[in-house]
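Each of the two complexes below includes chain A, the first together with chain B, the second together with chain C.
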Partner chain A sequence: MKTVKLIVVGFGTIGKGTLEVLRMKHRDLLEKQGFDVRVAAVCEIDGSIVNDKGINIDSVLKAASSGKLKEHPDWKNAKSLEAIEVVDADIVLELTPGDIKTGEPGISHIKKALECGKHVVTSNKAPIALRFQELTGLAKKKGLKLRYEATVGGAIPIINLYRDNLEVNEVRSIYGILNGTSNYILTKMFEEDVSLQTALKEAQELGIAERDPSYDIDGTDTAVKLVILANSIMGKRISYKDINVRGIQEITTESLELAKKHGYVIKLVGDVNGMEVSPRLIPVNHPLNVSGTLNAIMLDMDIAGTLTLVGHGAGKIQTASSVLADVIDILKDMKEL
Partner chain B sequence: MMKVDTVLKLKDVPGMLIKALEPISTHGGNIISVTHSRGEKGLVSVHVSFKVRDQSSLNLIRKALEKQGIHISEIEIEGRTYYTKKSLSFILLGHVIDTDIRDTLDRINDVGMVSGIEVVMPAPNQKSSVLMDVEIDEKSNGELIRLVERICKEKDFLLVRSL
Partner chain C sequence: MKTVKLIVVGFGTIGKGTLEVLRMKHRDLLEKQGFDVRVAAVCEIDGSIVNDKGINIDSVLKAASSGKLKEHPDWKNAKSLEAIEVVDADIVLELTPGDIKTGEPGISHIKKALECGKHVVTSNKAPIALRFQELTGLAKKKGLKLRYEATVGGAIPIINLYRDNLEVNEVRSIYGILNGTSNYILTKMFEEDVSLQTALKEAQELGIAERDPSYDIDGTDTAVKLVILANSIMGKRISYKDINVRGIQEITTESLELAKKHGYVIKLVGDVNGMEVSPRLIPVNHPLNVSGTLNAIMLDMDIAGTLTLVGHGAGKIQTASSVLADVIDILKDMKEL
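And then the complex of A and B:
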């Protein structure tokens, strides 16, 4: 049995979900992978909880739920960059929400971790979309792993599936329904004949849409994920500004009605080949026609043909599935050493 | 009856020619001439001219040939190149009627043929939704999309096109 230590940077929805799953699966990881996975630090904006022997996950989650993280006995004023550097650990989980324009603080976290000889697993889209070449290059140079499955499609294992099982294929196209919020709104409008405003308000009440939903509605979030798919799976070197983006703001109930009458639905589609995000007509019986907050990704390949993956594109626990998949992937490599 | 000129690419093995001609006569084609030339290694280009009753008979012949793995590289009907037809549907969202819908249709008809149109106008000063089906030669698909995109930009429509 080996002990492996993690630093969790960012303690929002995904950070908490990841700790919950780590607690739930601790014994599994021990029995199946032979690793005692411990969390050496959890970093928030204003400080960190640090314990070299491994923090007590129960107590941290409890303190977080009552808003009393700072009263936790292991609370230190060390900020994330400092903690990444000084805390002894094997893997840094960078789970902060990214600023789509600057990529920070994610970019600095990832670079610091790699420079300090730590593997990185991230769910943060912005750094991967903005600095793909630089960050993957740095990881390679350092002989470390940088994994980012959770950045696209939540629990859908698209990036790892391609890398591990489909690399023999030339990918001719990728189409994706990559934003759960806009898909929920379009589904609601289509099925219940309500306006975009009504559907959005309901999504906000259910916690599906954020208070400022513009990145979801205007296509930005889908475009960022499209850039990651293009660069990581299709070997392109594109950035966000290369993508033509149209969101769903202008979609009316009448247009959805018209589509329905002719056997179509309207979905916000990321088209990797066309480098375009736009509302598209999809036949009702098409595999990409998924409802609610679901995501779907369809690959067209020269050997395997078409392949469609459908799953939860977001969610506290669901996204943690991809984060942990990346952690296990790194553990397997460490086992071989 | 219409005269059809085709070029078939056949494998250079005995019996292939008979196999290729059979579907033509089976579906009522009257063969006028067959000429062949050895070109690329392993493949023979065969020019076959025949008369056939109508487009649907020609489609049956094409399907039968394709089923046997015979590729038709060119088709001319009455001396004019024929391309596979394709149908493209899209919705235009905006002030589609008030921005000279006649002009929009004419320009699209220059590249393809609008075969279906349905308009929904919620109120006179609100944006309308217009669904169009356009028949088009497969080779002009890209040209049509570029044209429609140009019109949308010019007339401030949102284009929702099929995948």
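And then the complex of A and C:
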């Protein structure tokens, strides 16, 4: 039995979800993978919880939920970059929210981790969308793994599925419903004949939409994810600025009603070949017609034909499933050494 | 560069599709996997094409299409069991159609291959549904791989996806639209308001339904596939005889119309927890509402939540994608040795 140590950078929704899932699956990882997986550090913006023998996950989650993280006995003033460098660990989980303009602080975290000889698993779209070649190149040069399943489609394991099981297929095109918030709004407008404003307000009240939902509504978030899929699955080298983006701002209940009358829905679709994110008419019985916050990703391949995956595009625990799948992928490689 | 030799047992639709795909992807396998994949034998019911250096795929496909296989210079009278034993090869592809009552000739082929130290990839449902424990146990004992992705859902890589990328999830239930013929018929009846007989006749004319479509219509085929999913993904030990099966024989256009009026469709659904195959009402915007010959498989998991895969459940080339994915999986293991 080997011990594997993780550093969790970023302690928001996904960071907490990941700790919960690690606690839930600790025994399973031990029995099935043969690894005692411990968390050596959890980094917040102003300091870190550090314990070389493995933090007590219960106590950290409890301290966080009562807003008393700094009173935890393992609290140190070491910030994330320092912790990534000095704490002894095998894998860094970079789970901070990304600034899509700069990619920071994710880019610095990932580079520091790789330079210090640590594998990286990230749920942070921005660094992967902005610096795909540079970061994957650095990982390769260092003989380390950089995994990013959680950046697109939440719990939908599309990137790993292609790499592990569909690699023989040439992917001709990718279409996706990649933003749960806008899909929730469109579904609500379509099914209940309410305005975009009303649907958005409800989404915010339910915690589905953020206070500033601009990137969800205007299509930017979909474009960023589309670029990650294009680069990692189709070997493209595009940036999200290359994508023509039109959001759902101007969709009206009238246009949805007209679509319905003819057997269609309107969905915000990302299309790699068209280099476009835009609202499109989709037949009601089409696999991309998914409702609520669900995401859907369709690959069109030379042998397998079309394959669509539908699942949860977000969610604390659901997204952690992809983070953990990436961790396990790295564990499997470590086992073979 | 290593040479890997295959024996293809069964030269029907899937056998031919597999040869076509191997021809198409030969160079790709060389460049990406580092293996020169050759076919050392193709076994038909009354003899085999054998060539230790690798058969000429073009000439064999050509001879088959003109019905002159026996005139091919590499034709031998050796039947499948003999060929599996004596021909030097690494992997046996068991692609015969299975007799769901006896599981033969697939069971004998698979056992012989494993006993002779050859890995097995199969598209044959019957042996896997009837003798799952025995056959996977034998493979394990021999240190060999037995892969069967193509037995369920054609090109949908559900079994490998779970094993490689969702293993950390406990699967609570599996639902599936697993039979393309019955789904085509139901879709036709629903959309065009035609009788089951009319829809079936059209499916037969299009080559979608077989001359004797009993197992598709009465739910047996769905039950067999459901059992394979239950045993391989949920660790159950059930036989298809344990499943309560009701087919689509009694579905009328009236019932479909009534469903439509209330926003539903009727689909033939396999349900592991209910141990049941039966026609069920599904909301039109539900991920399991897939049209035509498409298949859909939905997993309900403790962390990732629900994940649905929609794709081609059959097809000469599409099914070969799963066969080849299994071959590549074995190649990857061979590379590590």
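As a convention for this text, the second predicted complex is superposed on the first by the 337 of 337 C-alpha atoms of A that agree within 3 Å, B and C clash if a C-alpha of one lies under 4 Å from a C-alpha of the other, contacts with A are read in each partner's own complex, and residues count from 1 in each chain.
Rule of thumb we're sticking to: a residue touches a chain if its C-beta (ideal position, glycine included) is under 8 Å from a C-beta of that chain, and two chains touch if they have at least 3 such contacts.
Predicted model only: the values in this text are computed from it and were never measured.
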- In the superposed model on chain A, is it clash or fit for chain B and chain C? fit
- First (chain B), second (chain C), both or neither touched by A:291: second
- Message: So in the superposed three-chain picture, is A:157 touching just chain B, just chain C, both, or none of them (first/second/both/neither)?
- Response: second
- Mind working out whether A:238 is in touch with chain B, chain C, both or neither, as first, second, both or neither? neither
- Query: Taking the superposition as given, does A:261 touch the first partner, chain B, the second, chain C, both, or neither?
  - Reply: first
- Query: Where does A:250 make contact in the superposed view: on chain B (first), on chain C (second), on both, or on neither?
  - Reply: first
- Message: Applying the document's definition of touching, compare chain B and chain C: which contacts more of chain A?
- Response: C
- Give me the angle at the C-alpha centre of chain A between the C-alpha centres of chain B and chain C, rounded to the nearest 10 degrees. 60
- Aligned on chain A, what is the least Cα gap between chain B and chain C? Give it in whole Å. 8
- Could you please specify the touching residues of chain C with respect to chain A in the complex? 21, 24-25, 28-29, 32, 149, 155-157, 160-161, 164-169, 284-285, 287, 289-291, 294, 301, 303-312, 315, 317-318, 320-322, 324-325, 328-329, 336
- Can you check the complex and tell me which residues of chain A touch chain B? 175, 246, 250-252, 254-255, 257-259, 261-262, 264, 266, 269, 271, 278-283, 286, 288
- Query: In the complex formed with chain A, which residues of chain B make contact?
  - Reply: 89-91, 93, 118, 120, 122, 127-129, 131, 158-163
